[in-house]
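Here subunit A shows up in two complexes: once beside subunit B, once beside subunit C.
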Partner chain A sequence: MQDFLELAVSATASGCVYGLVALAYLLMIRPTGIINFAVGEWAMVAAFGGHLLLSRYEWPYPVGMAVVIAFMLLVGWASERVAVRPLVEKGAPLLAPILALLGVLVITREVISVSFPPDPLPVPFPVEIQYYKYFVIAATAMVFAGFWFFFEKTLWGRTFEAVALNRRAAALMGINLSRVTAFSFAGGAAVAGLGGLLVSPNVSAHYLMGVPLAIQGFTALVIGGVGRVEGALIGGLLLAFAEQLTIRYAPIPSGFAQAVPLLFLMIFLIVRPTGLLRARA
Partner chain B sequence: MKKIIFAFLLATGIAHAQTIKIGVITDRVGVSKPYSEPATEGVVFGADEINRKGGVLGRKIELLIEDDQSRPDISAALARKLVDQGVVFILSVSLSPATQQQQTVTMEAKVPQMTPMNSADYLTTQLQNPYFWQTGPLGSTQGATLLAHAKSKNFKKVALITDNSDLGQAIGKAFKGALEKAGIEIVADEVVARGATTAMPQMQKIRAANPEAMFLAGVLTAENVLIFRAYKELGVKFPIHSSYNLSVPIYETVAKGFINSITFVDAYDPDKPEVKAFVAAYKKATGKDSQNLHGYGYDGIHLIADAIRRAGSTDKEKIREAMQKTDYAGVMGKKGMKYTFPEGKRAGFDPDGMVVRVYEKDKQGRVVHVGQK
Partner chain C sequence: MRWLAAFVVLSGAAFLLGDYHNDVYRKMLLWVTLALGYNFLFGVCGQVAFSHFAFYGIGAYSVVILLFQLNVPLPLAIVLGVLVCIVVALAVAIPSTRLDGFYLALATLALAQLFVVVLNEGGSVTGGTGGIANYRLPAIFGMQIRGPWYTGVIVLVLLLTLWILMKLDRSWFGRACRAVRDNPEAAAAMGINVARTKVIAFTLTSALAGVAGMVYAFVDNTVNPPIFGLENAFLLLFMVIVGGSGRHAGAVIGAVLLFLLPFWLSPIVGHHHVLVFGVLMLAAILVQPKGLIAIWDRGRDRFSR
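Presenting the complex of A and B:
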């Protein structure tokens, strides 16, 4: 029983990180339809930011965190300006910005790879290590609550929803599409960055950390569905529990246990391709 | 004006002809970058040192450094490029499969090639390439040395944990085979996937199996840190015996507070006189602290220089013959170890040359065991 409780906390904390990455995807997919796999690299950039400010320059955690998140907003905004907006304005098909963003992914990783030493770099814990999982859970809960409130209760959030439901109609209603897109990318980068920052004291900041996070987050998104904010969190938690419970309790060699979450993903795609939660009409 | 240009070309041409070109194939952006980069720094430092002391056969060494990203498909093409540029030796410090691929070129072009650090056992056995040598400790030697140390502790049942990288799996299999051969029962056999965010479930399973010790075969630093973190969080006490990966000094910073009393295989004894001299010289020349990984590259370039000196020329066939007769003590290996290639073998690290060391106060500490006995 003690094992199970320990594992439940650990899986919840991992699930929160997956959920944040899934939310980052969702923020961009909803209004634009663009799947941005660079979210993993954005998480990595934030982790390196965390290393730089918190470990190397030893800034206080809240200040460092705020600066990193602000920087990520800027990164997201700039990526949209450079890799998405020119293509959309020229009427390129949806695949074009997706591929351009893959380019952003590679460039980001290479820049980090050549600017930092090759080894994983430490990022400090803001609280005692045994309480850190609760810190991750609390921070994630706050972010999700904030976004839920934003989309459900504010006019701004409603305009995002409107664009998601029907871009053309939203534009005809006078909603500024490019502003919504810019905000969704800035927000996506900030949320992905927060995910990276939260996971980095555990996994350290290293230049190959982005792709696994991007895959885990995407899996969580598919499980939860792109329709609603809560879906991302539920997807993340389900994925993390599936992963960790299988490794711990399934009577199969632990090498095979790695495949179970992906099986899970395939089953979900077949049985419920829209994910657990459906978008409201 | 034309005359000046001509004279300049002639002068640089002569200067070029006078250097001895040595190719280095390293990895600047791929998976073995954490190993390749310090090793390459060791090569560069070693070449500078040799040049400062007058070079080899009165000529300076010129390094031509290429980056193969540890990718076998790129690697062979780069070896070809270096051969075309007239290198007399190729020094391979990226990943074993990439080094293997380069051999297809060096074997055909009859250009001497060596790796000072790759550990794959197959490099000198799969291809009968008389122009290739390996002076890094073999994977099997690492396993045997670690096991020899473990045997002295009389373990009956142990746990094994690794990651899902190629190398992690290969070392895990080697450990498993060696443990089973020694009649030690493996009560838990766990894998942590690359990119995992926790190793809690694996460590819980190991705790439930109640082993007397845990063998760590993983090579991914971030994932190994997850294992140590879970170990500490779960409050387990069994000793950890680690692969050679823990000899990478990055653990001193990234796993601070988690690594004390972990024992690991290494090819580096800080008390060895050659090591002390190397550490001091490196610090003086670069202002930076050296690691054991620098030693591999440093030994590599010195082994090549030594062979060319003994060959007395840059004729590749003569260098090949001289290299095969190597008898050289370098930075790596236990006290008094020499690199040799007896009986036509081309793997030159003494099977009894590795040591087991222990982490003390978050630093790589003393040697606790030597060799395979």
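Presenting the complex of A and C:
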């Protein structure tokens, strides 16, 4: 029982990280329809930022965290400026910015791999290691509560919803589409960055950590459904529990747990392609 | 006749090259083969997938495992290898093409990632991290094909791939693929089964990649996980985009250019040529979405006027 409780807590903590990555996808997909595979890479950048500020320069955790998140806002905004806006303004098909963001993904990863040594780099824990899981859960809960409040209760959040439901109509109502897009990318990068920062003390910062996170986050998004903020968190938690239970109880090498997201993705696409939660009309 | 001339020229070149250059030349031919297949999937049918290189690996590993661990005769091993590719491709493509959107991209990304994990953890079946080595192409009709002669086999596969894709491109299926790429709703309204078209295009190009992989297995006579890493999937995409997606010539230009670029760049940037590729690809999308082939076209138009 003790064993299972520990497993449940650690699954919840990693589910929170998947949920954050899924939320990052969702923030960008909802208003723009653009699926940005670079979210995993953004998480990786934030993890390296954490290493640089917290391990190498030994800044206090809250300050370092705030600077990393602020930097991620800038990264997201810059990516949108360089790789998305020119194409949207040209009226290019939706695929073009998605491919351009793949270019951004590779450039980001290569810049990091050139600038840092190839070994996994440590990122310190902000609290005692045995309480760290609760720290991750609390931070994620706050972020999700914040976004839920933003989308459901504030005028700004409703604007995002309006753009998600119908871009043309929203533009005709006087909503500034390019500003919404810029904010959704900056927010997406910040949320993905937070996910990367939270996972980094456990896994260390490594330049190849991005792709698995991008896959797990997207799977969480498909499980939860792209319509609702809560869906991302529920999807992340479900996926994490499935993974942890597989590693713990299934008699296969632990590397094969990486098959769990793909299996989940396939099953949900066959059985319930709209995800667990339906979007509100 | 033109095909025969192409075959003679392309494989004849192998006899003029030394051992090292012959090796580079063979790998370039294989990249061109892969890029041609990927171009059909991405450029003609508009499907983003990251598994093309994984299928290359699946083909290579299946033929080696079938031949040397299960002792299956060569022709049967080739057929079974293609079947493995087809089954895996169908299993991934059928669920992920049910919806619009980029589910296929993510599913194939997960597949490519998983493939490398399976290779590393596969124990004695896949040879683990070291892969499988020290085998030789079985004799065909009592003959050992080796050296420059084997380059002829690669050229044959390349031309066969090109021929199949050109035939397909000009058939109703190629038109259906282009319709699906440009406007799925309109294609569906014209009676094209959109999901089925995507599944067939994906399965077919994946099987072609598998065949190229089988040929690759006997180029270095070794298969191991690092060869089939995920970066190569991105590289293929970049080749097609930089060269000009949707055009066979574009795929060839892109593949040759990006394959040879690292050799010229290595004195300047060392091993970081992927960074240059990323910048090139981003520039291509922003400035010249039709790729290098469009520049060539424009030049030719001006010249002939």
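By our rule, the second predicted complex is superposed on the first by the 270 of 281 C-alpha atoms of A that agree within 3 Å, B and C clash if a C-alpha of one lies under 4 Å from a C-alpha of the other, contacts with A are read in each partner's own complex, and residues count from 1 in each chain.
Quick note on the criterion: a contact is a pair of C-beta atoms (placed from the backbone, for glycine too) under 8 Å apart; a residue touches a chain by one contact, two chains touch by 3 or more.
This one's a predicted model, so the numbers in the text were calculated from it and none came from an experiment.
S.K.: Figure out whether A:152 sits in contact with subunit B (first) or subunit C (second), or with both, or with neither.
M.R.: Neither partner.
S.K.: Please indicate which partner A:212 is in contact with in the superposed arrangement: first for subunit B, second for subunit C, both, or neither.
M.R.: After superposing on A, A:212 lies in contact with both subunit B and subunit C.
S.K.: Tell me which partner A:120 touches in the superposition: subunit B (first), subunit C (second), both or neither.
M.R.: first
S.K.: Mind working out whether A:104 is in touch with subunit B, subunit C, both or neither, as first, second, both or neither?
M.R.: second
S.K.: Contacts for A:96 in the overlay, against subunit B (first) and subunit C (second): which applies, first, second, both or neither?
M.R.: second
S.K.: Find the residues of subunit A that appear in the contact set with subunit B and again in the contact set with subunit C.
M.R.: Touching subunit B and subunit C on subunit A: residues 110, 113-114, 211-212, 215, 253, 255, 258.
S.K.: Considering only the defined contacts, which subunit C positions touch subunit A in the complex?
M.R.: 46, 48, 91-92, 95-96, 98-99, 101-103, 105-107, 109-111, 113-114, 117-118, 120-121, 230, 234, 237-238, 241, 272, 274-275, 277-279, 281-282, 285-286, 289
S.K.: Would you pull the subunit A residues touching subunit B in the complex into a rising list?
M.R.: 3, 6-7, 10, 13-14, 17, 110, 113-114, 117-122, 129-130, 199, 202-204, 206, 208-209, 211-213, 215-216, 240, 243-245, 247-248, 253-255, 257-258
S.K.: Which residues of subunit B touch subunit A in their complex?
M.R.: 28-29, 31, 33-34, 37, 164, 189-191, 193-198, 200-202, 204-205, 208, 221-222, 225-226, 229, 232-234, 248, 250, 253-254, 256
S.K.: List the residues on subunit A that touch subunit C in their complex, please.
M.R.: 35, 37, 82-83, 86-87, 92, 95-96, 98-100, 102-107, 110-111, 113-114, 211-212, 214-215, 218-219, 222, 253, 255-256, 258-259, 261-262, 265-266, 269-270, 273
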